[in-house]
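Below, each structure is written out as structure tokens.
Across the two complexes that follow, chain A remains constant while its partner is chain B and subsequently chain C.
And now, the complex of A and B:
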């Protein structure tokens, strides 16, 4: 124990200054708390936050053009997309190698479908070129095997390109061969030295020998019989490939300026293109333009999602407020019994409630049958209540109503009844007492319930999908459609990101108004 | 109320009770008459019948229970004359309603919810308000209840058949239940749900409880940010979670696997565990753990012997929330799962979209029964928790 009369800082039992000792204890406490939280935090970060981040990344990511056509993208930098002419021979030479490799790796169709989202028609150009492009390589192969049949032997290629000199002597061939070797190894069925060569390596070799004079010293340094074969081929007087001519023959589509503008516009690794699409804009060579009115769908859908969610929220307030008031002002025992009527739907499976509404609202369903039986509606004029906006609104209101009633109820429970009595005793009419005294105190509950309902409503997928038909679907339907049917994942991610931004904004507001710690269940 | 009653004027029989009961009778009569093709006869007949019934009951039968029985029997017989067995049952129900209205009006019970000094307009408004609330409660509960009788339909229809309405036993059958328990599509889906949900629950409860204890300590750095991250799976729309998880799990090779679905569902259940367990921990007396430590118990012993039993109700209700989240989830499993992980909600979704069979209604009834059990369990847990924490259950 430190002596009280002693000068200097107060000391703890072990002799350290009390301040330091307390700070250490506090730090230890903080670390212990964090250690308890850490497993869950890591779990949520990996299983939930990382997927969301991945989605955000996908909405701008555009590596596919660069990965599939790397040389073409570089060659295209010198081309002026605003001009009137399609790119020249150099670009086509690069495209020749890129495309043949992509076709062997079966990547050309993926790129074709990707670019098809931006400019319809590209996919078919890519497909047909994929079938015909290896003819260019096969012609080159014939030329070389005509000069020396040993060129056909994969083992010779393996020998030559195993040496580091090959990269300097025959750069294009080296890269094409590397792609081939990698693919064979990945397949794992054959050894690289025995597998049948891709025709593209002959194309690349021909380019190497004709487009520029290969470095003689490097060629001489190649392992045997490399120098002999290369020099023999050089001596045979090779003709360069007319890549542009060849491609235009395979498919006329390559002569279209539009196709080249699209490839050029989407060659950077990141793009705002998906977001532009999601907002009904498109990226053209003249800059960003609105799509023609007939192709505008997403803005309309976002708008519909928004106003229908608002309508649903408004319906929930309208139906939830009286019920919450009644529950908050009844005797506890009666209120508990009535509360079951609110909690049972809350706990019942979403699909049960959706199927119930489907059963009720159908043209041959319970409500229509009842109306016909009572003679209010004739059998021929049964009401159409499902597969339209009405169906979505009524089913979603039913599903989200408990989410409005519960927060309203918990706020109304805290409003003292004496205020309204005081207002009345001071001469207020019942309406004034309610509107000027009670209602303002229940506004936090309305705010909390509305935000909760609205957040839940704008992201709903199942119910609108099942009872909404085509008129009552939300933007979520298109997110699902682009993931599973059209496979345009980037657009799905962009639509999702916009929706997420809206929800996070509301979440922030909710946190400010209610505080996320104060969320209560049941 | 009893002491004040004498000061109130008894409602007039002929000027108040009879006309109103007759009005109710006319309304019901109109519906029945319209269905039978003669609305006018229905109105008049209903009004006269209800008026006479109310007069007889109020004037000559003071015991309410007896009176209601008489009303039910009389209307039941009238119904049976019109529409046979079904008429008897529905007529008896209408009779109960009419006699209840008659006594409610005659005894002045309709003023019970308002102060004695309330004006007639206020009384009218109070009762209209209650009626509106009743309609809203009906809106909440009726869709769920309607599914139950329909699931016993003998035909493959999604609506009541004439035989069902006539209460003919031939109109009812258990065939949809038989289908649910024998069809491999449904049993397989049910089995998958039972295989996924408990494991996902176990994951979210074990991580969640630890983290909730950590979060309820007095000094937690970045508490708000951590809380926001942990709650986010509840706030982010399911379709977005599903999209993100689909992309990411496909990269990781988890897409279409059992563990992919389990991890996704565990993540979705976590916010519920966090919320319920932290709510329980708010009332937790920290001196108990200190006392345990003081007597030589290690942190692990303290946790399992002292803290855990006290917060157990909260943990269990969190677990129920997590379980139902996974058990009822369809959007994420649609994307993250493959056909081998087809769960019950997924199968229902397919059934609803393609309209294959009313077996869905049988499944729905089973699930409603399941949620009733769940609701009761939760209520009991809540009471137990409040008792343990020394609060009186409300």
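And now, the complex of A and C:
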């Protein structure tokens, strides 16, 4: 037994285990350190991590279908999307209630636009149905007020549906009324008991009373005059709504198999649809298929973005290397002047610089005028140097050049001149000394500059947009288009995510080949 | 390889009235004349900024002389680019190529000379063995200690068998013990291989122990060019006397010069006998230099007729093999005497009044 104390943990002077008191001492340090970095941490989280996480989420998120058409989505589970038939009456009944509620809440157009990305034409079906769907409810309303005018009184409804029994007795109505009450309360203008009822509640009531026999005990337990009104309506011999018929009358679009396949395909809460779309694929009833060649746009643009970014990076290396070398090897005073010239572009507006290239490169521009004047190009054959890929490459190289020069310079600055001298004293010609000794030591700078330039280039928007014409734009154009014009944020997010993944992949490949330790920014 | 006409004692390297200015305003090297014989180990010694590196760089071809001629084996080399001069060089920071292994570093000069693979390997191996680094061929320079890098740098400068090797403070970054060992290694190799070496250092011990000849630089000029012993015992001016070894200085005016004795009247009025080195006539101010170990505290051992001086003991330091005594002599509080720790040697006490003297030939009257 006496051995145990010896084998036990080391104790601090006050008898607590040493580990524990060390941890306590360290914790205070850690908390202080954490508090110091807290502002930055929060800033990074809010402005960087959160947006990226949101973008990643949006690229697969697809709640809108099941949020807008919850009953329809459930009812569609029994339908076979690969068959030849559009769904049956049960689905249309669910759709009837869903759609009327959505139309009252003005959500149907949003869903219409969303589904329109996947299957063009849906948006207009939804919009026209949104205008006509409340007719079904209004017809039901007439039926009920014909039986007893008191059905028209919002206060009576408020009384009945305040009771917990209503959920059992009249489940569909209860849900529809709940949506109505919520909407009125949210609007805040009127009391629920005084606001005009949505027609959909009558549709729901009619469904409750005709599609299944309501639970008699629950009906009897409703607050007065609930049981009386319901029983009177039941006794009046109600006809169920033919929802399918009604919807097909409002818009013929509902008879299209394609529309129902789209709704069915996009009813899960998460979807690969945006990514498929971004890679020029689509989800059809036969599975995933490539889009027809005429509709393929994104892959081509991704490819173009990649190779043009690489070309721009290569141009930056070729132009930047000698400049960086001069910067690192000139006398300090001369080097400073050169450095200012290198940094000058940073002090000029991006827009101004890009526009300057337009002035220089356009067909009636300075360079063409000069070439014509020198007789190198005939007036009729002026070179097209802008609004194409050439223009984008020139302008982007110019803009990204400092990002290549600066890391190169800071690496070259650390290469002592004695290396090249040593090589020469050993008999190497100036070229051999450069290529075998100096260049290998500047590779970390090339790596850092290339990564910077490439990553900046791949996501560039303004410049390709201004000087790229149609042939020289990048994938960024479509990301911007889907964010601000088509409002298809999910697709924009998917395109962005693919871009991010491509960059990470290249980074990984670079790490494997060159080694990320070989990247030096200074 | 050797050009027959440059054999023997004829100058192998020659600086002929060489001047150098970087900025067009000041001369960093002022009228340098120097000739180095084949196989000689010459050291350029001088304080920092005295133009030693500049001279070396002009010889290697990395700087151009603003005036004058530099000749190698009788050939003017001012216009030959560095890579065609065939001069081996060791840099202070070694300049081993960090992205190559030790063996690749050594093979580099052979590769650019287009030697075959087997010959290359053989020579690299021989060079590595020469500096006792045979097992390190596969390592990167960063994986070697400072002393090992130094050896590799040396091997690389020698592997292509140059006739002239330049070294610019090659041992500056090493600790004392390693430095002493490498000093020995370098001289051994230089003599074994019979190469001409120009060695730059600001460390006088290094210069004295290694060289055949030492050129003392100051202010862009060679102050004295001589073998180490001559430099130490017969400095030609007060800069050299001060710079090399420990030295006592007394200031005064030349009273008269008769033959090889100059009588100097020190500033406190005392008269001493000196050897006139840098003084020519009576009335000139002079700085008298005497080495601490040549000062005699035992009157019996002095030459008859020699002047003696009164001195007060300020400090006595026991250093084992020697005693180091600091005295006040003729108003100078920093007059140091070194005496051998011998059985008959007296240990002096601070405050003691003694008389000191020296042989006139050990006391040199130099420029003021």
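Please note the rule applied: the second predicted complex is superposed on the first by the 457 of 522 C-alpha atoms of A that agree within 3 Å, B and C clash if a C-alpha of one lies under 4 Å from a C-alpha of the other, contacts with A are read in each partner's own complex, and residues count from 1 in each chain.
Everything that follows uses one rule, which is that contacts are C-beta pairs under 8 Å (C-beta built on N, C-alpha and C of every residue); 3 or more make two chains touch, one makes a residue touch a chain.
Keep in mind that what you see is a predicted model, and the values were worked out from it rather than measured.
After overlaying the two complexes on the shared chain, residue contacts for A:237 are found with neither chain B nor chain C. Contact with chain C, but none with chain B, is seen for A:441 once the two complexes are overlaid on the shared chain. Number of chain A residues touched is higher for B, counting chain B against chain C.
When the two complexes are overlaid on their common chain A, residue A:430 makes contact with chain B and with chain C alike.
Judged by the touch definition given at the top, the superposed model places A:422 against chain C, while chain B stays out of reach.
By the document's definition of touching, of the two partners only chain B reaches A:319; chain C does not.
In the superposed model, A:188 makes contact with neither chain B nor chain C. Residues 430 of chain A contact both chain B in one complex and chain C in the other.
Of all the residues in chain A, the ones that touch chain B in their complex are 26, 29-30, 32-37, 39-41, 43-45, 47-55, 58, 319, 322-323, 326, 332, 338, 340-345, 347-360, 362, 364-366, 369, 373-376, 398, 401-402, 430, 455-456, 458-462, 465-466, 476, 479-480, 483-484, 489, 492-493, 496, 499-500, 503, 507, 511, 516-517, 519-522. In the complex of the two chains, the chain A residues touching chain C come out as 416, 418-419, 421-430, 432-433, 436-437, 440-441. Residues 60-62, 81-89, 91-93, 95, 97-99, 108-109, 112-113, 156-157, 160, 166 of chain C are the ones touching chain A in the complex.
Those residues of chain B that touch chain A in the complex are listed here as 31, 34-35, 37, 39, 122, 125, 129-130, 132-133, 136-137, 139-141, 143-144, 146-147, 150, 157-160, 203, 207-208, 210-211, 213-215, 217-221, 226-233, 235-249, 251, 263-264, 266-267, 270, 272, 275-276, 278-279, 317, 321, 324, 327-328, 330-331, 334-335, 345, 348-349, 352-353, 360-361, 364, 367-368, 371-372, 374-375, 378, 382, 394.
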